[in-house]
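For reference, chains read A, B, C and D in written order, and residue numbers begin at 1 within each chain.
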Amino acid sequence: MELAELKELADKEKAEQKPIRIRCCTAAGCLSSNSQAVQQALTDAVTTAGLADRVEVLPVGCMRLCCEGPLVQVDPDGAMYGKVDPGQAASIVGTLQGGQTEARVIDTNMPFFRDQVSIVLENSGRINPERIEDYLSVGGYQALLHVLREMTPNQVVETMTRSGLRGRGGAGYPTGVKWGLIAKQPATQKFVICNADEGDPGAFMDRSVLESDPHRVLEGMAIAAYAIGASQGFVYVRGEYPLAIHRLEIALRQARKMGVLGTQIFESPFNFRIDIRIGAGAFVCGEETALIGSIEGKRGTPRPRPPYPTESGLWQAPTLINNVETLANVAPIITRGAEWYASIGTAKSKGTKVFALAGKVRNTGLVEVPMGITLRKIVEEMGGGSPGGSIKAVQTGGPSGGCIPASALDTPVDYESLTALGSIMGSGGMIVMDDATKMVDVAKFFMEFCMDESCGKCVPCRAGTVQMYRLLARIVEGEATAADVAQLEALCDLVRNTSLCGLGQSAPNPVLSTLRYFREEYNALLQPAPPAPPPSNQRIPLPVARG
Amino acid sequence: MNSITLTIDGKLISAPGDQTILEAARENDIHIPTLCNLEGISAVGACRVCLVEVSGSNRLAPSCLTKVAEGMQVQTATDRLREYRKMIVELLFAERNHICSVCVANGNCELQDLAVTVGMDHVRYEYQYPSCSVDVTHKEFGVDHNRCILCTRCVRVCDEVEGAHTWDVSGRGMQSRVITDLNQPWGTATSCTSCGKCVQACPTGALFRQGSTVAEMKKDRELLDFLMTAREKKQWIG
Amino acid sequence: MTDAHPSGDKRFKLLDASMKRYQFQPDALIEVLHKAQDLFGHLDHDLLLYIARNLKLPPSRVYGVATFYHLFSFTPKGEHTCLLCLGTACYVKGAAKLQATLEKQWDLKLGDTRSDGKMSLLGARCVGACGLAPVAVLDGKVSGNLNPEALLQLVKGWDGDGTR
Amino acid sequence: MDRVKMATVWLGGCSGCHMSFLDMDEWLVDLAQRIDLVYSPLVDVKEYPEDVDVCLVEGAVANDENLHLVRRIRARTRLVISFGDCAVTGNVTAMRNPLGVALEVLKTSYLDKSNLHPAIPSEPEILPVLLDQVRPVHAVIPVDYYLQGCPPPADRIRAVLEPLVNGVWPELPLAERRFG
């Protein structure tokens, strides 16, 4: 197949689309609010109204404003309805014939939608994720074809490097550089792994992408595979995401059937096969060496790096591990060019970032924003602020991240700024906390998480998190003194510096960041300490003159 | 392998390029404490006791796994490292029920020795007092989980040297336990060849020979190195 | 070749087919465990041993892997399951209250199945429906924006006639 | 020269550390020249006095009486020494802790494992009440010095006391820091 034919397919698909399309969100969030019944009711209403020849009802992926689900949007005029009840279907369809609807109208011009810049989510909520034809109709797999026909692997790596894309899993390693390291390895067997083990509680960007636009991730993997010389890929996806797994399976089947994955892709010598591996509930498996162990069918315990997976990963072969969002950026960068991508964002953090906005914030859901936007803009303008009170802190980076105080909300979102604040970019979970949230409780919550999720291999993480948790519990119970806080801080230092993997090394972050910004909340819980006696060894010589 | 030069604690050392920092240090009489490491089996870098500082890196490096490099400057016993080691040993003592006075390995225990080496005079952390079982169903040996530090030497020696893979680790985090076969009584674990290497490899009194009472469980930890060397060099053939 | 399971239970045939699909590769262990749990509901010793034999893995390795991951369970689950999301967003929005409500109502601790086998109360790290926090998954169906009263309403009837 | 006001106490322990203390044999005579033993199981004083210079605390904190005494000791003593493994780590005394809280321990000992007249002893005001968990001394009060060993060998005790009574801070060599 050549580009012209692929484009022809896309055009044909577009031509077959009906002029009016009613899109109904069927990502996991809206599905749980009964969107499937809404979709059915809409379809029935279209038939009943005799509009079936020019109106179609389309199941699509995430439309972002999760708190208003089930969401329905009507093309081409773009009217959006929220919290749609199946009983409102007829009146929504009726609007197409000049009727009125009692359905809740969502303002698509509010900052939540208006200030988004869509790259990763450009197809989310627009196409049917279960039809490869829908993906083709929006230019899908054209980037892969272009790469196979027109670019050398080196050129692909070089394009990724110039784009400035950095890993969206949290650490922010430059994607092109990583690809280049693996491309240089002489090994014949290499692997691409898509890390879809979205383990941070409060993060659901990757789930949404997989549920809404799975082919984009597969295309990104295939381009990566071509660039580094791999012929086998794995998607390691959380077992807690059944719908994402289901849609990935469908996408893989369709991609194989269409010949965009498999052997001699687009009649080129390039072969690439993708298999799904389903995680079984272990946060630590987001760590790349643990993830590799898990794919190999082992306990997901990390091993020390070096050697890095880029040299010795899955079955000791050089292995590229990129997260879902990183891979979802690949095809657009190829299509629109590295310079276009690099023009978005800040000097060191390019492009956009998808955040999952949740917690004590009015508008919960997904926002894709250019790097460099301020936290305030995200949580106050787009998120609509906190419904119950004022915002106290924003938590980013999950259990590895930190709590950013309201006073720092004007910080631009980029890797370095968030790290400087004692948090991390993380994978994109952004949880808003208001005045009712007790920050020491939050630190304890995360420490319990890390303690339970520690794999148990290295001593500081296994035993240190337990002690930190105990100390935090004592503080929360009001039994602790300043000495306990000092010991907590010493343990933070130990666990951060001596743990084997990222889980342990970052486990102290929620404690350290809450201590840094909310120490008075700790102090308020402490027992008054008795006045410190002089050091023991200064209490001799013993026989003091006693009269 | 080319010889390279590096400094460890300021001492100029020449070492084969495939050596680890730990090996190079030992050959030059520089003592780096270890716990999960055992000659003759693979290194896992789990106990974090052998961490050292390497100039130019802000990460501490496990000396058991980090290869020497030309011009490398290694510090093995800075104040910071000493404090970390002491804390780690204290964490281990607080984690299970290590009661030296009534332990079969009293006087022959690497954990007890390490506590002395790092200068642990008491444990600053809250003792966990987990409820741990003692399994004496095996006809010759026993396992006392109260004393286990999860170094996985038994797991590795059983897999890598004996080839039986009777041992593994179950659960995770603080719930981790070493197990035999399907977490069944050791005496019923059919894969066990009763070779006893795990008992010799165990640094503490967690694995012991039955009939040993307090302080009687002497261990021959060189045995494994001897076996492995003999095997590699085919010393027993011809 | 599979050593057919002596019980003749048809589910083993399905498990065999799954293992065959992975060519009995030891690295397929986690996939096979998923399949086994789908078929049997939980993983008992006999099943684990059967998998170990067929994948040519040491039993301790199989047990070690199975117990490492949260999603595998070793005891039968109740007729109904309530999976509470314990993620950060749900935490901030009061998941602890939901937990306390059900623990009290059912006289159960999180992670346990009631002795009459009626229901299991489980916790998840995050089900990824944070926009709807707090969330519970009731018999596989996600319910969001919950409060204790709404949750109790949803699980009404799980107790049978409501008396115990 | 002033004499050192010294005390020794015996909390939850076996008195082995005190036996080892007596094993210092003839040096005890020298020690006696330098100290007044103001409170000890070895002397008949009922009330822990004020203004004690140094106290050797044997045993872990196991019951309410131990807890009361050890707090009083801290308030009235300049240097508190955890004397032996039970005081330093909980040791054998703390072996009951994995069984659970006090009631569980009593049930196990006096009901489950008893073949004759199973009953939990209860004599309020006479029998001290068990704490739910046995704790090392430093978990309850600040401790100034730790003397390891079960029991600490006589020479080790002397190596600590001899400098102390001469007004020198004792520095035990690492090898003398061994538990067990």
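Basically, contacts are C-beta pairs under 8 Å (C-beta built on N, C-alpha and C of every residue); 3 or more make two chains touch, one makes a residue touch a chain.
Here the structure is a predicted model, which means the values were calculated and not measured.
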Pair exhibiting more inter-chain C-beta contacts, B-C or A-C: A-C
Whole-Å gap separating chain B and chain C, where each centre is the average of the chain's CA atoms: 36
Separation of chain A from chain C, taking each centre as the mean of its C-alpha atoms, in whole Å: 25
Distance between the centres, which are taken as Cα means, of chain B and chain A, whole angstrom: 39
Separation of mean Cα positions, chain D and chain A [Å, integer]: 56
Contacts with two or more other chains, residues of chain C listed in rising order: 61, 64, 68
Sequence positions of chain B contacting 2 or more other chains: 126, 169, 171-172
In chain D, residues with contacts to at least two other chains: none
All chain pairs that touch each other: A-B, A-C, A-D, B-C, B-D
Chain A partner contacts - residues on chain C that touch it in the complex: 25-31, 33-34, 61, 64-65, 68-72, 86-93, 124-133, 135, 141-144
Footprint of chain C on chain B - complex, ascending: 159, 164-172, 179-184, 189, 191
Chain B partner contacts - residues on chain C that touch it in the complex: 45, 48-49, 52, 58-64, 67-68
Residues of chain B defined as touching chain D within the complex: 93, 97, 99-103, 106-107, 112, 115-117, 119-123, 126-127, 129-132, 146, 215
Touch list for chain D against partner chain A, complex: 1-4, 51, 53-54, 78-79, 142, 144-145, 164-169
